[in-house]
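Residue numbering begins at 1 within each chain, and the chains themselves are lettered A, B and C in the order written.
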Amino acid sequence: MNNPIQALALHPDRLFSSDVNVVEIARKLYAEIKDLPIISPHGHTDPSWFNENKNFGNATDLLIKPDHYVFRMLYSQGIPLTDLGIPQHGLKGNMAQAIDTDPQKVWQIFADNYHLFAGTPSGYWLDSVFSNIFGFTEKLCSQNAQEYYQEITEKLATPEFKPHALMDRFNIEFIATTEGALDDLKHHRAIKDTPMAKRVSTSFRPDDVVDASREDFVENLAKLAEITGEDTNTWQGYLNAIRARRAFFIKEGRATATDHGHPTALTADLSEEDCQQLLATCLSGQSTAAEQELFRGQMLTELAGMSIEDGLVMQIHPGVHRNHNQPIFDVFGRDKGCDIPSQTDFVDALKPLLSKYGNHPKLKVILFTLDETTYSRELAPLAGHYPSLKLGPAWWFNDSPAGMYRFRQQTTETAGFYNTVGFNDDTRAFLSIPARHDVARRVDCRYLAELVCNHQISETEAHTLAYQLTYGLVKKAYKLD
Amino acid sequence: MNNPIQALALHPDRLFSSDVNVVEIARKLYAEIKDLPIISPHGHTDPSWFNENKNFGNATDLLIKPDHYVFRMLYSQGIPLTDLGIPQHGLKGNMAQAIDTDPQKVWQIFADNYHLFAGTPSGYWLDSVFSNIFGFTEKLCSQNAQEYYQEITEKLATPEFKPHALMDRFNIEFIATTEGALDDLKHHRAIKDTPMAKRVSTSFRPDDVVDASREDFVENLAKLAEITGEDTNTWQGYLNAIRARRAFFIKEGRATATDHGHPTALTADLSEEDCQQLLATCLSGQSTAAEQELFRGQMLTELAGMSIEDGLVMQIHPGVHRNHNQPIFDVFGRDKGCDIPSQTDFVDALKPLLSKYGNHPKLKVILFTLDETTYSRELAPLAGHYPSLKLGPAWWFNDSPAGMYRFRQQTTETAGFYNTVGFNDDTRAFLSIPARHDVARRVDCRYLAELVCNHQISETEAHTLAYQLTYGLVKKAYKLD
Amino acid sequence: MNNPIQALALHPDRLFSSDVNVVEIARKLYAEIKDLPIISPHGHTDPSWFNENKNFGNATDLLIKPDHYVFRMLYSQGIPLTDLGIPQHGLKGNMAQAIDTDPQKVWQIFADNYHLFAGTPSGYWLDSVFSNIFGFTEKLCSQNAQEYYQEITEKLATPEFKPHALMDRFNIEFIATTEGALDDLKHHRAIKDTPMAKRVSTSFRPDDVVDASREDFVENLAKLAEITGEDTNTWQGYLNAIRARRAFFIKEGRATATDHGHPTALTADLSEEDCQQLLATCLSGQSTAAEQELFRGQMLTELAGMSIEDGLVMQIHPGVHRNHNQPIFDVFGRDKGCDIPSQTDFVDALKPLLSKYGNHPKLKVILFTLDETTYSRELAPLAGHYPSLKLGPAWWFNDSPAGMYRFRQQTTETAGFYNTVGFNDDTRAFLSIPARHDVARRVDCRYLAELVCNHQISETEAHTLAYQLTYGLVKKAYKLD
């Protein structure tokens, strides 16, 4: 592992193509949009950061332990999660002995294996963070690991690295967090009368009170009843309770959007009687997987109806087999890099919702997918027709240079650019936000430059589109303008 | 919307790549094939045009109202179909009040939103039509919308813009229309003894008498019986009636091909007894969706057998969820941009037909798909083995520069070039035909030029292939030579 | 067909891209790895070649008759298999009259149709063989067909073209053959004490005793019992018999890997009682397709357990509809170019195996697919997480320049490079082995060069990776180092 240390220097033309003609146009397009403010309408940052404005911890605690992109790769090469200090939060993990891992040792393991990230978006983001945010000029490796650790950890303790200072440095005009339906939004309420209120809002993610397959579903509906004063044992009471929480999220959290992470995109349109029955079954704790799926499907349609009432933009993130690795889930819990995408159908699945509400001028639904086969076959044709549908950007595993490029290549011809909604970083890795948005800007400029070089659009059109893809469309889609 | 007006000038190297090496070779290949006559073996033009040779109407009636590619994009951005003058032909639409929309107002809306088409094939075709056919030198926009409308509408009224004159101008050597099994082919019969007879033929599309899910199926079989004198209540009578119509289409419409638009590619090979029973069930009006599907599947196999008898080339276009938007269908009817592709299986679906007839030297089946995942996985392996199978070009949503390019990239290595059949425009938009064929020629030249630049084929081979992909293969595949 | 004869000269920069920047870097990367020894850890060469070291036969017998890539293309264009001398080995073929085809006539047909292979990997490999191995400077065509035939056939009879000499000439450091569970490994045993023993080993492919849908399954289990002395009617006896064969393959055939060709990737984890019952059902000859599928699935899990015990690397090749063309299978038998890929699920299918053994540090499973949609959606996420999983290279129909390139593009960002295992040629076409490995090396250099030109990796990293992808990873993955 003691290879010569490599220089770390981000090339100004990175991701612009190898083709000099494309690079030349992409450079011009990028120059005009690179300094536009960041709009981050969907993500998983911690609202306490924006309220409390405390310094982050050490390098390992900030950059490795919470980043499942990073530790999943290390785990895939046989490094135990316990060696990386990943806490044992799972059902069987609670009974396990506490792990106390030296953060510097974890950092060394990470550095020793940094070559694994070559060609991956994580590697790209990390290099960007190290270079742009911390000013390193050598690439991370075994030899310089501890210098890196010290330098990062020291800087993180300075005032310049507090969340508010970083928001300004990163030029973040707006960022949305995501909270569950039962959340009290205490941090969002706390900043209500501060300048942060204009820059930080929540999103309403009601999976915890919609997904009857969760072990805490019955308990969650009891809490929902308690918070709202509604009887969540009746269908109308349950819906009203959700309406009440949406109103609370709008008023106290300045939410403009909801988010729904479902195993599939199934929707349903049942009679009220059937809904009442299905709710009762789910509350009985005796529901089958098919009944839980139908319940979630019915709720997507109900939530679309509520979006028409209250104006919240609806985001649907379907198609993930969560916690695929059962032994890891048992010991370490959720979000440990074990979520695997699966085939996703949109055409039949969304039909009940779309038949009911798809032509309503007030409905705005943003669709995401991890199944790239649906880009050209299903999503672009759907978004290129239904006025209520827009396409979210390349998501999660596809939030990468090649992934974003495929998204544009496979959606633009049928859906155009104006049925897309700019970029989402969808991250809890705060320091990586500028790099992630920058990747999207660069890839979009590359794609546009190629269309210019192929004489499919003019350079003038490309400039307009670069602005729209970076700033205009996202503000419009999420009702931020 | 009052931006500066942009120039409209089609670049001679458009779609040839940004890479100068590729462009140089592509230019040479294209120079030799660009003026080859157009062979349009599958499409939806109106046969009355070729018989009556009347002038087309105004700009809106010709270029917007019949083009669901165009109005689906406008609708996706919230513009009501009624504002675009789309007539209400659906079940509930018959009861709605008549819409009388000013065509100039519709044109203005279209022009105001012309930016939506940036990067789409519709935008490309429209610019080509405006530039090449009407001679415009400014890009369509809000400011010049009415000039455009007047200029186009005036030109459409001149003798140079009658169908026959345009056929000559477009260098259309041959064009096939598509008619249903019950059609009387009056326009095709009328031109029987004119020079047009060599240039225009029909194709036999029996979906109306094969698809028992249609509301008019029973009625259609009654008409079929009446026209042919066969008893369509018996399986053999029904098959003979279809045979009779095929013979009529060959004799009176000079058909060389059939076309089948089915929800899936399912085929079946049932006993005669089961077929008789299934026909009876379908005629009873009590058939289930599964029985209707099986009936269509059985008929694909029967139709393949008939193709062996009478030599008609069989085209199968499967995998579309038609009229996905129920409220739009109810009011506006079919073909309103609401058809959405869905996952399509060919491997298991075609097996019954192929087991029975797939090795027969007289069978020729051309397969199309909207599910691009089948290109490399199913279609290229099937066409690279079965002598009866050939691959139709990139279809519908994929009839686009990137779509065609993916088709070549994903089929050539396994199926080669000689198991493909040149280009189909598949359109009712007559004026766009030259542009559509030109896109195919340019993309093929680009693809071939890349193989030359990668030293995978020689320039000599590329010239031969460019000719074959443009002219040779289509004439052979559709038995036009 | 009497076109001017074309020159045959392999360009030194072939497959490196049309882009001069990419070519320049690719050249440098390739220069350093092009002469690395060939490691061929999975393929279908005949072990007798390495033991007996006899000369090969004539050009047709070596290059056409055994190569289903070649004759499937000819068949797809209507050339009967009997005209190509393909023997009738199928069930109905045994009763057919013997075919005695003149090999020179077959060669002429092949040459007359050589244009069909333009743009295909077969065409590329054949040109490489003709140029590099036989020294031809004219491209094969109708006119020079018989000169080609004579020249090749004469050279094949010389000492320089015996298998051992070719192994040295091809710089094959290691090659694995594949044998069924009942094989006596006589050729592998025969070379045990020769220098070939270090260079040639077998792989254990137990499909014949695992796939209960085979007509010879019951008979095979009887043979298995006889060979091992175990009672294969009992579940434990059956498993022990397989264990014994694995030990035999390790000891006598120096096997380091197993291989499993299954219709799907299904795995199962049943109780021992259920396993015993399922075995009995399968042995009764009365098992349904679903029971046979479950049996194969259970066995994949059992075989994974055995791999943990004995260290054999497990290769899974799922997702092929074998012998799709029933009439061809009946007359000509297996492996006649009639195998068609089909949709393949990995996420749900592998879960039982992975839940049981997926985190075990001693398990190594290499996954292959013909369904490219699973690269980014399923396989890269799985291999980027589970320590037991690695991704095999682009397989079979995708073992081609564009196929390999898509593999890298769609797997690298999520799985990285280090969860892949270098190249497999998977071939019985011995002479094509250098060309196949060379294609992989060139495409990998191209891919790496593009990342360098896009400033995603440094040139130093690219050099390291080129070495790993060519030589380092394959030796590690197959435990050859």
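Criterion: contacts are C-beta pairs under 8 Å (C-beta built on N, C-alpha and C of every residue); 3 or more make two chains touch, one makes a residue touch a chain.
Keep in mind that this is a model prediction, so the values were computed, not measured.
A.B. asks: Fitting the CA atoms of chain B to chain C, what rotation angle results, rounded to the nearest 5 degrees?
C.D. replies: A turn of 120 degrees brings the C-alpha atoms of chain B onto chain C.
A.B. asks: Any idea if chain A and chain C meet via the same residues, over half in common, or different ones?
C.D. replies: Looking at both copies, the contact residues mostly diverge.
A.B. asks: Where the centres are mean C-alpha positions, what is the separation of chain A from chain C, in Å?
C.D. replies: Chain centroid spacing, chain A to chain C, equals 40 Å.
A.B. asks: Hunt down the residues of chain A that sit against at least two other chains at once, touch-wise.
C.D. replies: 17, 19, 373
A.B. asks: So in the complex, which bits of chain A are touching chain B?
C.D. replies: My answer: residues 17, 19, 21-22, 345, 347-348, 351, 354-355, 358-359, 361, 373, 376-378, 380-387, 389, 409-410, 412-419, 449-451, 453-458, 460-461, 464-465.
A.B. asks: Where on chain B is chain A touching in the complex?
C.D. replies: Residue list for chain B touching chain A: 6-7, 10-11, 13-20, 72-73, 75-78, 115-121, 124, 139, 321, 324-328, 337-343, 370-373, 397-398, 400-403.
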